[in-house]
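Presented sequentially are two complexes of subunit A, the first with subunit B as partner and the second with subunit C.
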Partner chain A sequence: MSRTKDFVMRIGWPRLIIGLFFVLLIVVSPFMGLKLTDVFSDVLRRWAMFGVLVLAMVPGVQSGIGLNFGVSLGVVAGLIGSTSAIELSYRQGVQRPWADLGFALLIAIPLAAILGFLYGLLLNRVKGSEMTVSTYVGFSAIAFSNIIWLSLPFKSGVLVWPIAGEGMRNTINLEQSFGGLMSNPAVVAGLPRGLRWLAFEVGGVVIPLGVILFFLAMCFLNWLFLRSKKGIAMSAAGENTLFTRSNAINVDHMRILGTMISTVLGAVGIIMYAQIFGFLQLYNAPLMMGFQCVAAVLIGGATTRRATITNVLVGTLLFQGILTTALPVIKRLMPSGSTLSEVLRIIISNGIILYALSKTKGGNQVEK
Partner chain B sequence: MKNKEDQRSQSTPVTEVALPDESRSRKVLSWVFDNKVMLLFGILCIGAVAVSGNSTSFVVENIFIRFGRNGFTVLSLLIPVLAGMGLNFSIVIGAIAAQVGLFFAVDWGMAGMPGMLVAFAIATPLSVLFGFGVGRLFNKMKGAEMIAGLILGFFADGLYQLFFLYILGGVLPIRSENLGIPGGIGIKNTIDLTGNMKYALDRVKMIDLVLVLFIVIALLSVIRIITHLKNKKTFPVGAAVLLIGSAVLYGLTYIPAIEQYLMADQLAVIDAIGIVCLLTVLRSVWKLAENKRHPDAHFRTRRHIILIAGAVVVYAATYIPFVRDIVLSAKIAVLPFALVAGLCVFNQAFLSTRLGQNMRTVGQSQVIANASGIHVDRVRILAMIISTVLACWGQLIYLQNLGTFATYGAHLQVGQFAIAALLVGGASVQKATNKQAITGVILFHTLFIVAPEAGKALFNNAMIGEYFRVFVSYGVIALALAMHAWQRKVKPQLEMPR
Partner chain C sequence: MEGPPILSMKGISKEFFGNQVLKNVDLIARPGEIHALVGENGAGKSTLMNILFGMPVIHSTGGFKGEIEIGGEKVTIANPHEAMNHGIGMVHQEFMLIPDFSITENIKVGREIGKPTMLSKFLGSSMDILDRRAMSKDAQNALSRIGMSIEDYVKVAGLPIGYKQFVEIAREIDKTGIKLLVFDEPTAVLTESEAERLLDIMRRIARQGIAIIFITHRLDEVLAVADSLTILRDGELIERTMTKDMTVVEIAGKMIGRKVERLVDVADTVRELDDDTVALELRNFSVAMPGEQVSQMDVSVKKGEIFGFGGLAGQGKIGIINGIMGLYPSEGDALVFGKKLQLDRLGDALRNGMAFVSEDRRGVGLLLNESIERNIIFSSMQIHNKFLWKRGPFSTLNRKQSKEHALKMIRLLDIRCTGPNQKSRSLSGGNQQKVCLARALTMDPNILIVAEPTRGIDIGAKKLVLEHLVKLNAEKGVTIVIISSELVELRSVCDRIAIVAEGKVSQILPPDASDAAFGLAMSGMSIHDAEGEGEVHHE
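For the complex of A and B:
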């Protein structure tokens, strides 16, 4: 009895329920006439898609700024990087997917670092209510980026509306750029022989190995960083401010560092997301992105004070897994219920955030 | 948490030592500093109006329309601020209750005032229930009410979508076929309220309002007289005078000319200005007379004289052709404005009740409130219930004025816009007043009205103006929250050296 209780306690009720639900969905789907291989392909794809974005939560939580709803700031940086890279290629008049990806990262990362630094400065001023502030900073970042999308002087036909000739499209097709470069077997087949391993099919299951490796490599780097001297100092700053200060570590610097890494990961994350998805989504599409990431890491077992790489891996799998498997099952059950999966996403993601908030006594990390 | 409260309560006396001889210029400066958000926004609005090329009369007319539409909801935010629960992002839930009520009223084929009353009767208990739940939840996460309210709003939206998309028409049958999605289950995207609920409240005639008001006053006075007589106390002269006075006033409405005037459902702004000026003058004269009879050392005679002078000047200004042109076409719907005014009075009167004082104490320090025997959790729940119910009514007013009910969108931005408006008026997380709410609604919605045109004029693109407006509404909340958190952090350090 006590052992089962212990087991449940260690996993936690929400994860147990969601995990069982996930397993149930997978078990049910063959009976609903869905191919299990398709289900696995989809789950794997979505897992790799959101992985890096969810990973962006870890440095934030560890450095003590809490759940970083303001990851949209990084997302905006990533989108600016990607669009600029496409425009660069257009100005050069060439099609070069790898260079696009490289330039996108090259532009996005420094931009995200700068934004993250400024954002970190702000968050240091508002200790104790980071989450409320960061939510609205995220929202305002998206709203401001809307103005940017309308006014950037880009010319590429892929980017701007064809008729008006100004203002960027809502969704930008990456077919001629880095879309599916590391994840889509059809695209990878056109690459040199030495790069064909990036994505392939095994018995009907599409394995986007390139992106998965990239995601795991990012996780590993983060893991390494959290175990380095700096990383431990950062975690300590998030854990106990007074203790950290007494060890001559500048808490504010550590928080800025955490915010910067989180923002940069957000930028890299959205580029990877777009790469698998095959489209860039501008304007209000990334508005609620932060919430999905937060929910995923919380489902993985993180709290507002502690988050690990395992939380990211498990949480992304569970959260995205449920959403991807639920959609076709629901479609079979009731043909008119195409948006039910979206409704489900809203309920699950916000429900889990609420649950996590109610577990943290004193809410906004003022646990003293 | 407790330690923090203790520290704060210890350090408060220090701040309250007022500096005696503050020079006039310093006073002005501190006023400017305290109202910086409002002033900045005012300048922005004036600039936008000037750039947009919209005529001033158009802007003024629209401001009055939008004020009647949104004022009530913004005012519903004040009580949670008083109780120290910050800006109530969860008023979305009140709006949801209102929409459920309104939907059923429409579904049952109700129209006009009866329909509104049915919607009201369904929505109010529902919002009480929701408010209670929200209050209970917030008591579990003290200190994180704002973020919790925000997330709760999204969460509730999910449940609402589930209810309207799948349960209604699926599990629960709906009566009106044309409300459902053709060939599917669930409710369609927009419900047109034209012909049933549109302007149900706006089009209430003044004469009916006067009648209702008279009946209420008469009933109250009669009850008071009866209870006094029963308890064998002295005869309540005041109540009798009130009863007779109101009866005489009501009798006046039978004079054809006045009756004719009161038959209208809208009041021209120019008349409203006259009435308000008259009331201000009467009130000030009454206060001055009162002071003559019972002199009070704290009485500020000058203030009332200035008020009278101001009222006279404003009234006189309406005869200037330029001003007259601006306000001439503007009209106000009587009942919504009466409700907004009523809510202002309620908010003010609430402060002097026992519950209001308890709430203020809880807002300042839960530890002290607890020590002085106030049931903190219950007071907080009550604050949430009041706010949710008010927000629910506000949403009913909003929807009947708008005339189209966007089933899945009408409630989404309620909290967002109401809070942005309140903050624009100069309110903060800790202090919000009627005046700030009213100023905020006017300023925020001015920007709403002129932003697209201004964007077009400045950037040759109306969408930029629109996005800029959205950016401002998010940005002002972010800024206000950040400034609040900043001040809270900076304050103790500044106090230490003294």
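For the complex of A and C:
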């Protein structure tokens, strides 16, 4: 009896309920005419797709800036990196998926680091209301990026509206570039033999091993960092500023560090996302990205003051898992041709976000 | 003190994640009775009170077993608010006052008296305006019930610590129908004279028919005020008895489970005092710490010395450590072995071989959500790069080393815990204090400054801590500065004691100076002055 009680306590009621709901959805989906293999493939795909983006929440929370709604800033940097890499290949007149991916990261990471630094400076001036400000920063970053998309002097036909000849498209197809490179068996089939393991099918389930490994490697690096001298100092800054200061650690620097890492992970995350998805989505598409990441990590058991890698792994699986399984199931339940399923989709995804946000207080935060 | 009990807790058991901290404990309090609850650190006193108040920590960790009766009726208390409705109040150890509110506002917060307005007819009582006159009257009434005369419109922020404690008490007294008041280590933060005053107030409250449960580690206080007492050891009820049948030594023996010879028993060791080398010198040193201002202090501590700072609360002794740690802005010079510290540079004192134990253990001293192990090694790792694994550009925590060290410290200071991985938040107050001390000791300092090192720890542990400080001093020649409100403690271990008054050192006295000399020094005078004044009067 007390064994089970302990078990429940460790996992936490919210996760248990959501987990059971998730399992239930998987169980009913075959009866709704969905193929179980497809469901598993989808869940795995979405998990790997959002993983790094959700991981970006951890350094932010640990350093004390709270949940980084402004991760969109990193997303914009990642998109700039990706589009620039494609343009670069176009100018050179070559098609080179791996180089595109490499250049995208190479351009996006320093850009995100600089933006993250400035963003960190800003957050240090608004201590106590970081989450409000970061929400605004996230929205403003997207609004500002709209101007960028319209004014970048890119020429590649993949990027630019064909008729106008300027201003970038809403959705950019990555088929000619790094789309599916580490996740799509069809794309991987065209690679040298030694790289075929990047994505394959097992009994009808697609395993995007390349991205999964990449995601896990990022988690490992983060975990390692959080156990390093700097990482431990950064976590302390997020927990108790007086304690941290009395140990000769500059709290403001640590917060900037956390913000920078978070923003860089946002940039890397969106590149991985686009890689699996096969498309870059510009303009207002990433507007709610921050909210999705926040919701996932909260469902995984994080609070506004503490977040762990486990929270990321579990939370992304539950949040994205439910979204991917619930929607097709609902679609089948609805009369065909109605827009009701779209409405429900919005209600469900925002409902989960709202639920997760309402849970941010309480839980482990009870003061003794 | 006969008659039916107002509170009776029966067969209370509680475990935290499989760790049994209370085993079948009974607690009874009668109207008008002062009942002491004593036990070692971690014996379960605060937990028992948390159960009584229905605190969230209890429910979120699986509840408890046993029954609570109030006024003979069985009750379930789901949260602190319900406890209040049952007439139970608590005077907190860490103050729960709002600094920018006046005394009245603090006393009445949450229970404001409203006057209906036009709006409130439609929108409910939250639109009432405050009836300040009635509130002030209530506050005055509560203050006079505890025998305190102070203007109730004064802001709490500037009040001396002792007064804040009294405002807390007044707030509890003001609650209508209060039948039982719990004091959890109320005197820990008070100086001796303030503590005296508090005991008086407790007697006064009890005389009004209110039952009091008094948790303290100062056993002489138990004998002074309590009618009866309950002794806990390791979560078990050892005895409930009348105080008049007990002596301090008997109580201590029952608490610890073995005989206690002397309360503070510091071995006499031969030490070499280096009179010529100055370890720490303050010159014209001022610290702008609100409520504990240090102003242009001059003092020097010799190498190998155990030096004490005493004095009343609010006079500045606490400001000294906070200034040197760099937590509050300071002016003037602080020299360590002749080298001037740059106090505006974060951590300069730490890098120059000093270590600190802050008086504010929960605010400054601990990472409450981290493990004991992480807390203990933190400073040493950050400042001296210890406990790290160097691998290329990465230097990560060396878990093996840090765990071994934490275990060693747990044994050395007898920290009562489930293991080095326990979160420091879930430790009892006294054991948290020991973790802070362990962190400072891990720094392996040349100069160790500890503020209120034994606050909230039981007599057994107090002896342990003080003896360890003395040993450290004798064996490794560490210069030790102790800042404490407990004169007895300072006098038992220090070579010299500086009494701080109004931000300055008013007197430096040997530990065997007379009580009168200490008393006068605390009010900023010396025996010499006093005699001088006497003469003036005679003329």
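For this structure, a couple of remarks:
Going forward, the second predicted complex is superposed on the first by the 325 of 368 C-alpha atoms of A that agree within 3 Å, B and C clash if a C-alpha of one lies under 4 Å from a C-alpha of the other, contacts with A are read in each partner's own complex, and residues count from 1 in each chain.
To be clear about the criterion, a contact is a pair of C-beta atoms (placed from the backbone, for glycine too) under 8 Å apart; a residue touches a chain by one contact, two chains touch by 3 or more.
All figures in this text were calculated on a predicted structure; none of them were measured in a lab.
Of the two partner chains placed by superposition, only subunit B is touched by A:V343; subunit C is not.
After overlaying the two complexes on the shared chain, residue contacts for A:Q176 are found with neither subunit B nor subunit C. Of the two partner chains, neither subunit B nor subunit C is touched by A:T37.
Look at A:S129: by the touch rule set out above, it reaches subunit B but stays clear of subunit C. Within the superposed three-chain arrangement, the count of touched residues of subunit A is higher for B, of the candidates subunit B and subunit C. Common to the subunit B and subunit C interfaces on subunit A are residues 364, 366, 368. Residues 2, 5-6, 9, 224, 227-229, 232-233, 235-236, 239-240, 242-243, 245-250, 305-306, 364, 366, 368 of subunit A are the ones touching subunit C in the complex.
Subunit C contributes residues 17-18, 56-57, 60-62, 325-327, 346-348, 350-351, 356, 358, 360, 363-370, 374, 378-379, 381-383, 385, 388, 394-397, 425-426 to its touches with subunit A in the complex.
Within the complex formed with subunit A, the residues of subunit B that make contact are 1, 3-4, 137, 140-148, 150-152, 154-155, 157-159, 161-162, 165-166, 181, 183-186, 459, 461, 463-464, 467-468, 470-471, 473-475, 477-478, 481-482, 484-486, 488-489. Every residue of subunit A that touches subunit B in the complex is listed here, in rising order: 122, 125-129, 131-133, 135-137, 139-140, 142-144, 146-147, 150-151, 166-167, 291, 334, 336-337, 339-340, 343-344, 346-347, 350-351, 353-354, 357-358, 360, 362-364, 366, 368.
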